[in-house]
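Chains here go by letter, A, B and C, matching the order in which they are written, and residues are numbered from 1 within each.
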């Protein structure tokens, strides 16, 4: 009696995990493995477009990388820029909500996630129109001579980075808020009391204590930004294409599955390596 | 950067300080001088403005009007890090990401001092925790954290050390022990301590001077003995210990004494101990100053007769009685259990007597309940 | 409260007062601009939902209510919206059930393989959407399953599950374990304890997770684009029509979703404030 009860207790967590993990295995692990397999295929000689055979050609990776190294670099540079920009915008925002909002705290938190609810594509398109020739930004800037007649804001790398920064801002703000909110404000007062001015207090107390939020926020921003192609497609130009755009067109337009798979895999591997290095450096393991 | 060693020292002077938040006035036209080298306590219930006063001294809040001087320097608008003043925060506010050593060294490093080891180790010795230098704050017990918070402040040898309910989070036994230690450390380092507390016993144990605060102002200031023996207001009489306040009327004078009528019974008291403005008064007597005797036994001093014992609580070192008086009031009497006399029983007919010199008189228009409704141990953190 | 000015009270110099005020409020001013940045496109979208624009909603041509009166006026738009809602609801139900079970296992029990489980949950979140979408598509292709409605649902469940687990787990972690002990002490067996105490307490977390899952699913474009084939969803509709100008009806639907979700969140907050039990 006693024996069977403890046994079922031991089994219970596994039973709870089983359906979810079966699902994730079938539709997450298996596809990734399959993708790995696809990435080393080559076209069947004389076959139709989109027919490939397994040849374990690892050179696919080298070819794909060399061919698309520019987009590769751009993906990471844009993602890093967007992440840093989002951090710079989100940190004071999260700080203000955590420490200066008083009873408006919950309302402001809702406002942070609220833009989410308007489709992100609609908002991205809205940026395109706002920054466009007929929006309310460009004409005044031209009138005051801040930008020249020939300068445009849309179809630029700047617009792509701005769009990504915007789209992933809540992902940055929420974890930052969560870790800032856990800080006892008295520790910051204590720092001021112990002869640290505002900047030193930030550097020595607030920032180190909010590091878990910084790490989580930058990851949650960087990862989707590096794989994004919607912002580049809507706000960019042919010269601001990112890796995502290439993968998409390889899949759908050229039907070059092996290259698309190799690129996907390289992207994922690069992100995982960067993230691992970053977490090591930032010295925190608790992410979620 | 503040060079604390050569910074201004001297008395701390608050001049006509008011602090309001919108319509709410936390501190109302408060003036106060804290002499250099003293152990000074700001005592009051939560919401009385004592913490706000402390925060203004620390520079964490800015007064709406008024000025704060340290010696001859005006520090009213100086930032916290520009003042040679350090604080032991409520719940300590130790930096959770730094070791104990780095916590203590924090202030020294900010002031640009390169070799901190000697100073840090010295205060660690002083608080008797040198073996914890490399631990993180969360690995320490409450009492240990409290000492580290103290060490972190005094290592800077500030002109003024502020203690914000420093013992509030400790259990009773530890609190008693720390009270004695704090007092000892204050003498050892010779700094001015300003101690904010709602615990009258704590204030009386440690401070040379206590300022009792109520509703944003100072009710009375003086040595613990002064405040206890001769309170000026019902608030002080009730907040510091317990008092019996009996409605009465001054009938006349006899030499240095006043003759007072309490519900038809005459008593006398020293003129100097009356804070009344007219003939209507409350006569105040501390419960332990009363003596009880059975009807028919000899008495001396002031006498009130016609009472009977209503309630008896034996609490070891003393016995507490509630004595019902003919005019309907119940008086509290504490009798030491040191004379081998068996305690009185419920229902005994008794008279109450006391030495006239222990009587004090308050204004007759006072609220006799003032200061009683606040339970002194009810710690309110966000005052 | 009016007080007569008393010349003997020392006052604080205006300059010191101003610089302090500025120091204290600088971050608030900054936050104000941050929020403005966040809401510019939302406001723009809302404003242009009233544009009497004809086919392409690019420049302001005059105020009208007719887009709101006829949100299905643009061809295909309500089919797309219907698909998005259907996919969102089904994906939400499945991901919430699977995710909550996993969250209880990980959040409540210590068992062998717990950290591996945590990693498996973290991985889909750390995988770029495009890789998730592309890999699933290639799997479907291998098994000769045509992209469409159900492949899209499956794809959405994959990325929603992790978010559900994280949200519910956080709620479970914040529960006071003494509440369950108290229930057992008061003669509730394991199942009754779960049913009467644990589940009601975790319910707000599950509701939040479901809401999150729905909004992630509803708003997803990249993964959907890979796995939906010819099926149109609302984000796909917007993406496709972006090239030639989006009909104002899309703005109507976007704005309506915004206000609806805002109302749900605020209502949820009010309810949770009333029934606050955990610390």
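The definition used in the following text is that a contact is a pair of C-beta atoms (placed from the backbone, for glycine too) under 8 Å apart; a residue touches a chain by one contact, two chains touch by 3 or more.
Note that the coordinates shown come from a computational prediction; the quantities given were computed from them, not determined experimentally.
Engineer: What is the chain whose Cα centre is as far as it gets from that of subunit B?
Structural biologist: If we average the C-alpha coordinates per chain, A ends up farthest from subunit B.
Engineer: State which chain is most central when centres are taken as means of Cα atoms.
Structural biologist: Central by C-alpha mean position: chain C.
Engineer: In whole angstrom, what separates the CA-based centres of subunit B and subunit C?
Structural biologist: One centre to the other, that is 53 Å.
Engineer: Between subunit A and subunit B, what is the gap in Å from one C-alpha centre to the other?
Structural biologist: 57
Engineer: Just give me the whole-number Å value for how far the CA centre of subunit A lies from that of subunit C.
Structural biologist: 16
Engineer: For subunit C, which residues are in contact with subunit B within the complex?
Structural biologist: 1, 6, 8-13, 16-17, 20
Engineer: Could you please specify the touching residues of subunit B with respect to subunit C in the complex?
Structural biologist: Counting only subunit B, the residues touching subunit C are 15-16, 18, 23, 25, 29, 62-67, 76-77.
Engineer: Using the touch definition from the top, list the residues of subunit A that touch subunit C in their complex.
Structural biologist: These residues of subunit A touch subunit C: 10, 12-14, 16-17, 19-21, 23-24, 27-28, 30-32, 34-35, 38, 89-90, 92-93, 95-97, 100, 106, 108, 110-130, 132, 134, 166, 169, 198, 219-220, 223-224, 226-230, 233-234, 244, 247-248, 251, 257, 260-261, 264-265, 267-268, 271-272, 275, 287-288.
Engineer: Show me the residue ranges of subunit B that touch subunit A in the complex, using the header's touch definition.
Structural biologist: Residues of subunit B touching subunit A: 1-2, 58-60, 79-81, 85-87, 89-91, 93-97, 106-107, 110-111, 152-153, 156.
Engineer: If you look only at subunit C, which of its residues touch subunit A in the complex?
Structural biologist: Those residues of subunit C that touch subunit A are 23, 27-28, 30-31, 34-35, 37-42, 44-45, 48, 58-59, 98-99, 101-102, 104-106, 108-109, 111, 114, 117-118, 120-132, 134-139, 141-142, 154-155, 157-158, 161, 166, 215, 218-219, 221-222, 225-226, 234-235, 238-239, 242, 246, 250-251, 254-255, 257-258, 260-262, 265-266, 269.
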